[in-house]
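Below you'll find the structures, each written out as structure tokens.
In the two assemblies presented below, chain A is common to both, partnered first by chain B and then by chain C.
What follows is the complex of A and B.
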């Protein structure tokens, strides 16, 4: 059913108008496995040449990943079971050492400077949120347009229990860099990360229980509604029946920094443990935990139930998957990561404002998931890092590059959301499985899920 | 509000039955709302009536947008997220035609205003209709056989693109539209003036609605639309060009959004690049409230939402105020979807126009 290509005149517009790329697509279709392997090699070399032009250290990194990818089959059999750890380990080492060498890297072509550590922290936070959203959208197939509500919930939890917001109460527990006479509740941020995650998961359950019975697009709208209500509560929350819950549009600031022992993340210590490096390594640890949990969850009984629901709800129910409970768990788990990310972000920015939580953020995180590849954690992390980098630094630098090269006078950041919209639309039209797809999801999107048996679909090992 | 047989529990155990309690919770919420309105009516009757009139006026404008959602949902079962932004661009093009190209203003002569506004309405309808049909052609049609969420996601992307266009055309700040309609008072209720501009806006929405009902109910094209909404395959077998019918539906929805954009610009005299998002969601709520896919339901829901919004912002006794308008509208949306997903008029197809 899926492998009978449409005749040319029946192809959708973006393929008919594609001209030369359309020709490539037809050739790719006609190839056998060996030819595809060879073409893949050539395309990777071309990508490397392009990356060398952009920036050679980046090209080196990608080349190392490709060597691992092509090299693993040749490992001795004794080491073969460990080969799946190779790529994550290399990536982890390169990223952990990033603060030590990034200052000596020359700026990239087009994209401008390598991300500074502050940008890297933001990228990490968005990566956590995107992985969390990926559980809801990518695994369980429930479109959530109000993910920002979870982010807001996490941020405000951190703000309530680690600032002077409730000045009438005085409670200190493990907070770093707070004088013992400071009023308000001050709890260690690490505990608050967990607390924020749990509270947000609770909110996810509360939102989910009445709404998860609804069909996909209705559910999307309801989550969107919650995503609009929660920030508005935050904005009007300075006077909830006389009680100042959120300090209204002025937000809550300052929020305590995290710390380990006597090491305060805000002030740092000496020339090695600087504040930015500490925050960066902190978020890196959280992202690593998030990715790990997400991968393990996917392969667990619960994760397989999510994927079953996504592929065919009726069949899953017939096989004994409890729909409501499984969906609620997807919501709660996705919300948990959103809450943790929000709490860490609030602590990093030392503030939280209702204006930070608009629908645009929800859609921004959604476009990360879509661009990277719904259902594939690595793709989602890549999408999140790339888009967050564009948002923080890259777009302005691309603008400079365009203006310098073509002598134009464009203000590229002004077109920011148009560009994200374009990314969403083009990804959905041309490559709905995302840049780094999950094999299973790809099969679904290309063959449809209606009556195609997926029993023999290869489980992706990414 | 009869509960259908499926929601009856199979076993009648003793104790609290959550499923049976749901309609009662819904009804008691409605009862609370009615009590609140009644107390306000007794306390300040004059304010109440004038606010209600403003609410109906606003509701008719919302109705035009809500119809666009309902038409598209009825035929494709797609929530056209970009519709609100088409409406915003309708406001923008109306503004640029009437205020910048035709130089209409408070001092323009009556005849100039009439033909100027007619021309503006025409331009806005054609522009928005073509825009909406183009969006369908580019972004939704290729995904017609894809999983249901795929076109919804492209719709969000399209909404972003249109909003960005609006941002670059209108700028980040609200743009004020000159008072083109006469601002004199039609009548006064207890010190509250009902202005001519409101009356004209309300009255010009009505012929558009009648035209739409005629189109869907009485014409060949309308019959094709209803048939396509019921069953695309069967409609195609009966010789209906399904693609063209869907394009026509989008054209119609866009034209309605164009009129709504013009009327909203005239009514609120303030347009902003993100109005499409906010008002689009309000109108969508209205469509769901009335029963999405149901055309009279959309208008009814829109009038109710308009009334609720104006009551909330205007009444003096325990009204939450305009800070909470959006929350209240979304709360209504959520409650409706939870308690009565089929809406007030309870049909899923746009039959019966």
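What follows is the complex of A and C.
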């Protein structure tokens, strides 16, 4: 006689769906607010202990943020309205001064050295792209698997108008460090950032108009297609009806650096204004603007409409939200930030190649959004910074640590995409709302406290 | 103003899903400032008809004129903008937004803020947003939702969710409001309150109301006119009293036997 299998909730934890993480989640759901607060406190202390072992300055920074988080309710009422500026101010000060003190920080355990400034620039660029993608995916709920197309568009816009690509034209406007006899179009990179953003937004609208009528998986597949098409155009764009648009697989290089007045970002000036610092502060300003815009948009008429569309398209339309127009705006805004980031990155690398824009990048940026917490700008910035850091430096250092500790001989960075995949799978299992979730997403992905007893009762009774 | 004082006129409206005729050439009028009810057994095509009025479905044939303008086949947001607000039979709030945010989404078509303006937050946008927030609070209060402004919609009680749906529909500043089974799941006390509320909407706000309803006490108590649908056909129309006595209506609701036997029973 065949044994009837036990229902899932009666299985021991190792047989249940999702195993240990599932068990933890189930316990967490069963807690009331007070127990959750206490558990949160214990987990934070454990995190701090771990971070002190990794590196005490990092632990100090995180501890300061936690103190702010727990301390703001106790501020005098007079100061309460300003409490929301506290965290951003502290973070901003710590990050702005980073170039001045990071060299004196001792290496971290496991993670190795603190990110060098070049890494920080890449982290910042990815943070911008992730925040842009977050508008599309996190706010409006449109899954975009081809975000790299916008990055490519931004990079090539910058390349066209700040290099010798179009050598038979000669047009100079505000470019720094370019000889007056140099052929080609050379426009100030700062203007190009805006231009790249606008052009990319336009591309976003052109791609969006036919595709955004699709829903869910179908939209994802079409965006995936566009993400492949644009780099292919770049690859084969050296002979478009006899016209060399993208210089094909050889890419466009060199691209002019940005500059302020006589200060050239590439050469720097003196021992204080070094090239790396300038690029770092430049990207920092851009990231700050991106975050600011993203937050303002979230709390605007348009942001509400995006979230409403994600929650229930039909109801949103019935409330007077024009679906196509609103979705297209989300797409265009996301594209804008992607374009600006791409243009700055191209100027930083001084080059752009079709090979830079593989599907991996789209998936990588999406991973940042998921890891950090869809819909929450701060989470997304953290996710982007962390993954980009791993990509640039962290994985190699972790590899060294593993090899030294266990006497193995692994080439960890070789497995990078496997590792990112694992991180995403673990995130989805343990904390599907991301590391720093938005309140909304959290509510969405976990049933509320009220639902739990009902759910259990129904199943236990069966 | 339309010539005959009807705010909404539907002519020969027909909707087919494949071979199934959901509404069959229905003629329908809503006089301005009245409360009209649409009743019928389950599956009679009431909600389909609603969905055509609000643009969710496009009619297979026929014409819908709202406030003197042909709105047949226009997208939902365009129809909402012209002044038809609606609620849903199965509550469709934006579950993870606060009550106030829900209402403010309803004002979308009445606000102007664009992308750049919202980022810079110009004085005009500031004023607009502050005004919208105040108006949202007033609306919530008006619909009987007190101190729930910042509560997430999913955490509201069932009755409050129904009220929030109405508040959200009112936020679109409608001339005609369509309520799809608004008292479903309410207790008699709440139902009575709601009936009074509908009356208030008409008298105080000057709204025209179209109601789909199963609770006959509500229908007979509040409506000026009642239209009965069955199998997609309009089988009766008139004042509540007339409809109550109509033999085809009784037949549709209670079966043929009941009419022939002269009453309920004999099951």
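One rule holds in what follows: the second predicted complex is superposed on the first by the 417 of 462 C-alpha atoms of A that agree within 3 Å, B and C clash if a C-alpha of one lies under 4 Å from a C-alpha of the other, contacts with A are read in each partner's own complex, and residues count from 1 in each chain.
Note that a residue touches a chain if its C-beta (ideal position, glycine included) is under 8 Å from a C-beta of that chain, and two chains touch if they have at least 3 such contacts.
Every value quoted in this text rests on a predicted model; they were computed, and no experiment measured them.
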Chain A as common anchor, with chain B and chain C clashing or fitting: fit
Partner chain(s) touched by A:305 [first = chain B, second = chain C, both, neither]: second
First, second, both or neither for A:272, with chain B first and chain C second: neither
Partner chain in contact with A:74 - chain B first, chain C second, else both or neither: neither
Per-residue contact with chain A, leading partner among chain C and chain B: B
First (chain B), second (chain C), both or neither touched by A:406: neither
After the two structures are overlaid on chain A, angle v-u-w for chain B, chain A, chain C in degrees (C-alpha centres, nearest 10): 80
Touched partner set for A:323, first chain B, second chain C, both or neither: second
Least Cα gap, in Å, left between chain B and chain C after the two complexes are fitted on chain A: 5
Set intersection of chain A contacts, chain C complex versus chain B complex: 444, 448
Chain A - residues contacting chain C, complex: 292-293, 296-297, 300-305, 307-308, 311-312, 314-323, 329, 333, 440-441, 443-444, 448, 450
Chain A-touching residues of chain B, taken from the complex the two chains share: 77-79, 137-139, 141-143, 145-150, 152-154, 156-165, 167-168, 277, 281, 284, 288, 323-324, 326-327, 330-331, 333-334, 337-338, 341
Chain A to chain B touching residues, read off their complex: 12-14, 141, 143, 145, 210-211, 214, 216-218, 220-222, 224-226, 228-229, 232-233, 235-236, 359, 363, 366-367, 370, 414-425, 428-429, 432, 444-445, 448-449
Touch list for chain C against partner chain A, complex: 54-56, 75-78, 80-81, 86, 88, 92-97, 101, 104-106, 108-115, 118-119, 121, 125, 129, 132, 152, 154-155, 168-169, 171-172
